[in-house]
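This is the structure, below, for whatever I ask next.
Chain lettering (A, B and C) follows the sequence in which the chains are written, and residue indices restart at 1 in each chain.
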């Protein structure tokens, strides 16, 4: 049955490779920013809090696609540097999802019962030890499911970078269409299936991480 | 099984019509949750207007007996009759099949229940809680419904709280509203599932008094699952003791509390009554044994 | 560098498109809200023949990119069943279907949060199924979900630029057109970003305020 159209796969898989790469790098960047900005928003220094809040509200309040376009088309006009599409994509995805991630970090840290902090003080742990040994391990297992959801959103976000001509999965699919317009349906179905498969693998990985993080909890 | 039922119905018709018929009959009712058998071949008749206290240790199946009648659980086997008609089965083309929702809806109108955790509707006022059933189910006009509701709310002593919301009331008040809400539907039998167990001790009395008042005035049959032994003794025509999913002993309050026959019941009563400082029972035991107090 | 004259020139052009963008958002939100209800009920259905396929499909739609789904509506439907929708409708429907999967989750969690005792009280009073839903369950399940729904409304608003990929004329598309003729992308795109911020940030603050107020009031109404 030619509906299966396996011959469409090779170029699509090449695109998927780039999608996965993009996802991995953006996720790492987003995670770093999430923790940085999340903690910055909890800082006692008003200036630090202010900067972080402005960053978070701006990137959460504007659209990912607008941010992508701005960095790719508008920024070069401002500072006369040309970034590659890949760089722009990673930075935009990282900044955008990092902003959402910082909210998860901030609200989770705030939700840790005050008693944990007090117990740590009573045991004479330093603030750093308190953070590393008591607060973060508990916060991490609470944050994981929300991070998991954000991860899926990030994966979907990578599909938009095709509009700044990055040859990831969606781009490859659109290109294929121009050569085989009759197979449009098969192409899109394959793309959807590949995204879903990737999303499922990501979800599985997060579940494993959740289980590891929850070892020993009743 | 169908043949047996036919025979029973026939023998009912042969009985002298002057004798009152039970309004509820449990016939060989078994209920299992997975492997766990909660009720074993229960047989129980409840007569019109009868007040029955159901006592026994936790897990003995008391609550399940009530929930099966209120159609909150389905029996694993056996039948329940209400006013001579099957509750969980119905006739279809000459055969007896499992009842559908329409049948259950019709049968349910004779049964009411008051819950341990009140289950009042939090988004409605007290008055609205009580009239809701009348308006939605009985299609009573609003004016009439409000009149009936006020009557009952006055009976339970909450006529000054009709515009309040459940969250503004104490546990005892909430339970009294729940009783009014169930009563206003005029069921033939009212089930009380440990209605004071979730209350602070000082609020228990007001609820029990209300129930005693209703028992005295109304001819509604009542099935009261309770741990309050004094209350059971005061109010019940019959006390039933269940343990391990079966009825171990039943009789009048005097028989059950002063002359328990089975060791299980004796055990239960000593355990229970000594915890709850109910001296009369122990005192009677002493007197019966010929000892001085 | 930045051309202020040009900025003031194009600002009216961009603002003109705002009502349309909001219309797209609202239309999509209405579709998502309506579609979410049967979805939520189907997913809660006791019959597995119903709940499992519906959950699988909803999961599939939720975890795959909107842009592909929009492309399916615009490019595949004409081929498959001869249905050629204008971009606006294709965009609104695609947006609505995609987000109905999120809203059905919200509805589901709202319904699950209603205590089991409420269902039992309704049974004890002999309520019919429909009456139970309308008089007892929905009044308790919906209010806590309102702030979350408000958030999704804002999310959908920020998703509208994706529709530019299927040539729906909204803010980003307009900025691209303006930029392509003048090659001045900086002003156009920055203005678009600012317009989004100007609309979504206050809305987010309003939703947060509503949430706080409901927590203060709601807590007293929704306890036993």
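One rule holds in what follows: contacts are C-beta pairs under 8 Å (C-beta built on N, C-alpha and C of every residue); 3 or more make two chains touch, one makes a residue touch a chain.
As the structure is a prediction and not an experimental result, all values here were calculated from the model.
Ranked by how far their CA centres sit from the centre of subunit B, the chains are topped by A. Comparing each chain's Cα centroid with the centroid of every protein Cα atom identifies chain C as the most central. Distance between subunit A and subunit C, defined via averaged C-alpha coordinates, is recorded as 21 Å. Inter-chain spacing, taken between the CA centroids of subunit A and subunit B, is 57 Å.
With centres set at the average Cα position, the gap from subunit B to subunit C is 48 Å.
Partner subunit A is touched in their complex by these residues of subunit C: 1-2, 60, 63-69, 71-72, 75-76, 79-80, 158-162, 164-165, 171-172, 175-176, 179, 184-186, 188-190, 192-193, 196-197, 200-201, 204. Within the complex formed with subunit C, the residues of subunit B that make contact are 70-72, 101, 105, 108-109, 111-113, 115, 117-123, 132-133, 136-137, 165-168, 174, 181-182, 185. Residues of subunit A touching subunit C in their complex: 57-58, 60-67, 69-70, 73-74, 77-78, 152, 155-156, 159-160, 162-163, 170, 173-174, 177, 184-185, 188, 191-192, 195-196, 199-200.
On the side of subunit C, the complex with subunit B involves touching residues 115, 117-118, 120-121, 123-129, 131, 135-136, 139-140, 220-224.
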